[in-house]
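Below: one structure in structure tokens.
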Amino acid sequence: MNVTLDGETVVKLQPVFGYLHRNHEKIAEGNSWLAAVPYTDRLDYICPLTNNWAYTLAVETLAGLEVPERAEYIRIITAELTRLQNHVAFMGFILADMGAWGSALMYAFREREKILDLFEALTGARMMCNYMRFGGCRCDLPSGWLESAGQLVEGFPAFLDEMEALLTGNEILLARLQGVAPLTPERAINGGLSGPILRAAGVDYDIRKVDNYGLYSRFKFRVPRGRVGDCYDRFMIRVLEARESVEILKQALVGIPDGPVVNPKAKQRGFRPPAGEAYGRIEGPKGELGFYLISDGSDRPYRFRVRPPSLINLTLLEELCLGTKIADVMVILGSIDIVLGEVDR
Amino acid sequence: MNFPGIGLLKGFVVTARNFLGSYVEKDRLTTRQYPEERPKLPENSRSFPFLVFDGEDPEAGMRCVACKICEKECPPQCIYIIQDRDAAGKPLKRPRIFDIDISVCMSCQICVEVCPFESIRMDTDYELSSFDRFGSLVLDKSKLLKSNAYYHGIHPTEASETDARIEADRKKKEAAAAAKAEAARKATAEKAAKAAHPPEETK
Amino acid sequence: MELLERAPVELKNAFLRVLGSLGVPEGMLAILSAVLIIGTVIGVFLGLFALMSVMERKILARVQNRYGPNRAGPFGLFQPVADGIKMLTKEDLVPRAADKVVHFLAPVVMMVPALLVLAILPYGRDMVPVELESGILFFFAVGAGTEVAIFMAGWASNNKYSVLGAMRAIAQMISYEIPLVISAVTAAMIAGSLSPSVIVAAQGGFAAGFLPHWFVTTPWGFTAALLFYIGALAESNRSPFDLPEGESELVAGHLTEYSGFKYATFFMAEYIGMFAICGMFVTLFLGGWQAPLPFLTVVPSWIWFFGKVCFVAFTMVWVRATLPRLRVDHLLAFAWKFLLPMSFAAFLSAACWHYAGRGPAAWFLSLVVVGIPYLVLGLSFTSRFSVSRRTYLFSE
Amino acid sequence: MICESLKTCFDDPGKFLGEWFVLLPALVLLLAAAAAVVLRNLIHATLCLTLSFIALGILFIALGAEFVGFVQLLVYVGAVAMLIVFAILLTRPERLAKSDTALSGLGPAGGALAGFVTLGVLLGFLFTSPIAKKSLPGPASAPVAEIGHALMGDYKAALIVVGVLLTAALVGAAVLAMEDKNS
């Protein structure tokens, strides 16, 4: 980004992006519906499974496929695990931006590795999972997966306590984060923000509660909301959301039923949804991730549009950074938590 | 009790515990000394595709019939198949050339899903780096073909399921063939019987 | 063990006697002994620098649950050799528009105070390279040279990042020098003289059998030690105060345009400066070469000195592994609004402790005199952002 | 003469160094001060000025006044030099390369004249007045404690007056800086 400074304070800031533009949407319009699924992994490469889910959800609303219960449970478990590892990675990144030489980052990544091992055991790849299919998931849980996931979820609050002990009370961190770039609820809504940043500003809007997609209505969990909306609130909201995800995972891992993993009637290869359009959206770890699909009945999507939360949250960066110091620009960008794969597509 | 400096002290306690812990509890130390200790990959893990052949001889036991479905379905289009023709030019159910450019392949495993003949599977070998950018990164048929035994080695459960499915298909085909043969035999028997009777009716 | 205690000094005298017998004139012997002392001191500290550059990465790694360099040599101990070779073979770039002379001089001027300062530290019972009557003042007088060097480095590279980094570094060093000097003067006041060996002697002896008389055991001593430690961190541009090389913001601060051996010299100067200020911290507050327990005095004194210096260096790495970086205005506000008044409080409480007879009663009096300002200042400083005030609403 | 003084260097280095050592910093002082005046680049001039401060400090130490030498180093090199540098950086960073005070014309001639006049007066005083006749007192190594007692004893008033003066100056500077900000 081009930052114009007056001494230490920021006068003008203009993010420059587009360097990671891979023409994702045009490629998806050139390939079959199934071929687009592995590309969604590469959108927000920190949370591949939620990207898959958003795309398959959109296709299912387009074609009117219903998903068996076991598949819904697996989707919720994998999505909440993705949210956990994304928020944990966020805690590590924001500390690294502030110059903590990576100790918090390494603790975060030690836990994230355990979650990625679970993904590798289930889908075959740590990050490029390509696991969700139209009407369910590609393959069933391998034996022993549920037990190891249960162990991980059991040990996670202890890890979160360790991270909070290291970070939340830390006077330097308080000085660096509190009061930096506060955001009013109106400004957040007008800016089209979504996800933890919106909730940090005090707006109670979580798509899992609003749309009740998947079987989220079946699980009891709370949605944290901040009051001031500054960097510290954005940081704390993610910590509290990680704790809520652990609650959901505990309920889901216990309640998972048996049954088919994919809707038998759904055709994956040569899949031709009826002509029409659909917009499927989910509460991704970074915000509202939506797919707007138009199908003309052929085996290729006519129009494939992604609504990336990172790009839209990034538009507010300049306004947040005006008048702050250089060191704050790093922290503010870190607190918005963007992934360039999603910004540039 | 936010005594000034308590937060910092708590932070120091955490780092101290991790520092001493890394000498005591082994599970805290997550790094593996790679060349000496190889990571034990979970069974489902995948790297790049390979072709499976039954029996001993790779060419003969090859399952692939060059139907080119995987070539069409592959998102980055990195598979290249040319069907084999016998001397008279009649297409055979075998690929003469089957190349996969693993520098393009993103190991997304869609080819495995769409292959109706269970002939392409995902390998787990990840040490494929080479000095030559073009030649050795395009795996031709000879490099891709691996025995079913190897496949059982790397993905035991998936391999046994595939064999079970193939067994079931073969049995179904045999039953169908037997039924067809039996029906054909009954038809010829009736024709023969009809051939024996008609001489009386025409007298 | 007495032999081991006197080993370094005896070795030198024996060597000189041998040379004397070979007919070397008396005057030359004196110069030679000075050269010998200088050689050993610099050799020891360069060895410590090499060891520290590896140990820092290994300790940081262990804090972060990984191994740290263990490929070059056993346990990675040849890593400094590898780093040295890399630094030497790297091309030494000088920007075209840079101020060639000043660009070349900066590392030299940076190195000079770092080495000069080693002269006055008391390494052993009577092993002080230069017995100066106002050693502490010499330490800070020469230490001021690093600011000039940092400015020269920042200015000569003719690059806006390095000028910004240099300005930040100088502002930081100047504002942290005052609490540093006042906390050092507190210890000197109690010991009654500015010479380091007298200060270490004042910390000898044991109260009630096993409690050493170190200044750090007294409340004012502990606060002065803490302030000196924070000042030391800021002086050597380390961890929470490593603003000048804030990687995420300014590329490498005043070191941006340096590469090859000049960068290695800066790196060396920083580490030797860190060891020197650790040595001063040990001399002033941890009782220099005094043994912690009566029966441990059998262990030679210089082992105690270097043991403590390594421990203090370890804590500096520990701090570096834990704390995020401070922002510039927090850094300066912290120095002027918190450290300065606290150092006056420590100074006052030392005086109270002295005039109240240095007994246990005095101990509590000085605790009160130092504790109250700490609580008042601390709470006012952190009252702006207290964790408990931040409540979060939860909706079902 | 040279070989004779070299001989003393081997016999009694202390005395030898004592004699020559005093001249070395004085020489460096003069050269650095001259360079500070002559150089066109402001930053180079400031650095030479700092060098002359250091040389003055060493001169004090060489003459045995350790305390004053160290204080000189600490105050001038540590603070005053930095003050000058900051002043230059903050006021005119852009036209820095060439200082616009041209040295041609009457400038150098006037300067040299003034220099020689003061030199003449000093030398005249040195050779004529009775005070200078006395032999140069040996290096008075006043221990720091004595200086401390003197400062706190006889010169208490002076110390406090200087303190007040400095704080007044500091407050004035702060007020000036403050006003500058909100205008």
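Letters A, B, C and D mark the chains in the order given here, with residues in each chain numbered from 1 onward.
Convention: a residue touches a chain if its C-beta (ideal position, glycine included) is under 8 Å from a C-beta of that chain, and two chains touch if they have at least 3 such contacts.
None of the values given here were measured: they were computed from a predicted structure.
Colleague: Spell out the chains that contact chain B while also contacting chain D.
Modeller: Per touch definition, common to chain B and chain D: C.
Colleague: Measuring centre to centre with C-alpha atoms, which chain is farthest from chain B?
Modeller: D
Colleague: Could you work out how far the Cα centre of chain A sits from that of chain D, in whole Å?
Modeller: It comes to 65 Å between the two C-alpha centres.
Colleague: Between chain A and chain C, what is the gap in Å from one C-alpha centre to the other?
Modeller: 45
Colleague: For chain A and chain B, what's the span in angstrom between their mean Cα positions?
Modeller: Here chain A and chain B have centroids separated by 31 Å.
Colleague: For chain C, what residues touch not just one other chain but two or more?
Modeller: 63-66, 321-323, 382, 387
Colleague: Mark out which residues of chain D touch at least two other chains, giving numbers and ranges.
Modeller: In chain D, no residue touches two or more other chains.
Colleague: Going through chain A residue by residue, note those that touch at least 2 other chains and give them in order.
Modeller: Where chain A meets two or more other chains at a single residue, that happens at 103, 107, 110, 166, 168-174.
Colleague: How do the chains pair up in terms of touching? List each pair.
Modeller: A-B, A-C, B-C, C-D
Colleague: Hey, which residues of chain B end up touching chain C in the complex?
Modeller: Listed in rising order, the residues of chain B that touch chain C are 2-5, 7-8, 11-12, 14-16, 18-19, 21-23, 28-31, 33.
Colleague: Spell out the part of chain C that touches chain A in their complex, as residue ranges.
Modeller: Chain C residues touching chain A: 60, 63-66, 239-240, 242, 246-250, 320-330, 382, 384-385, 387, 390-396.
Colleague: For a test of understanding, state which residues of chain A touch chain C in their complex under the given definition.
Modeller: Result: residues 8, 95-103, 105-107, 110, 166, 168-176, 178-179, 204, 209, 220, 222-228, 232-233, 236-237, 240, 325-330 of chain A touch chain C.
Colleague: Okay, in this complex, where on chain D does chain C touch?
Modeller: Listed in rising order, the residues are 9-14, 16, 41, 43-44, 47, 50, 57, 66-67, 69-74, 77-79, 81-82, 85-86, 89, 143-145.
Colleague: Using the touch definition from the top, list the residues of chain C that touch chain D in their complex.
Modeller: The contact residues of chain C facing chain D are 25-28, 30-31, 99, 101-102, 132-134, 137-138, 140-145, 147-148, 151-152, 155, 163, 167, 170, 174, 177, 193-194.
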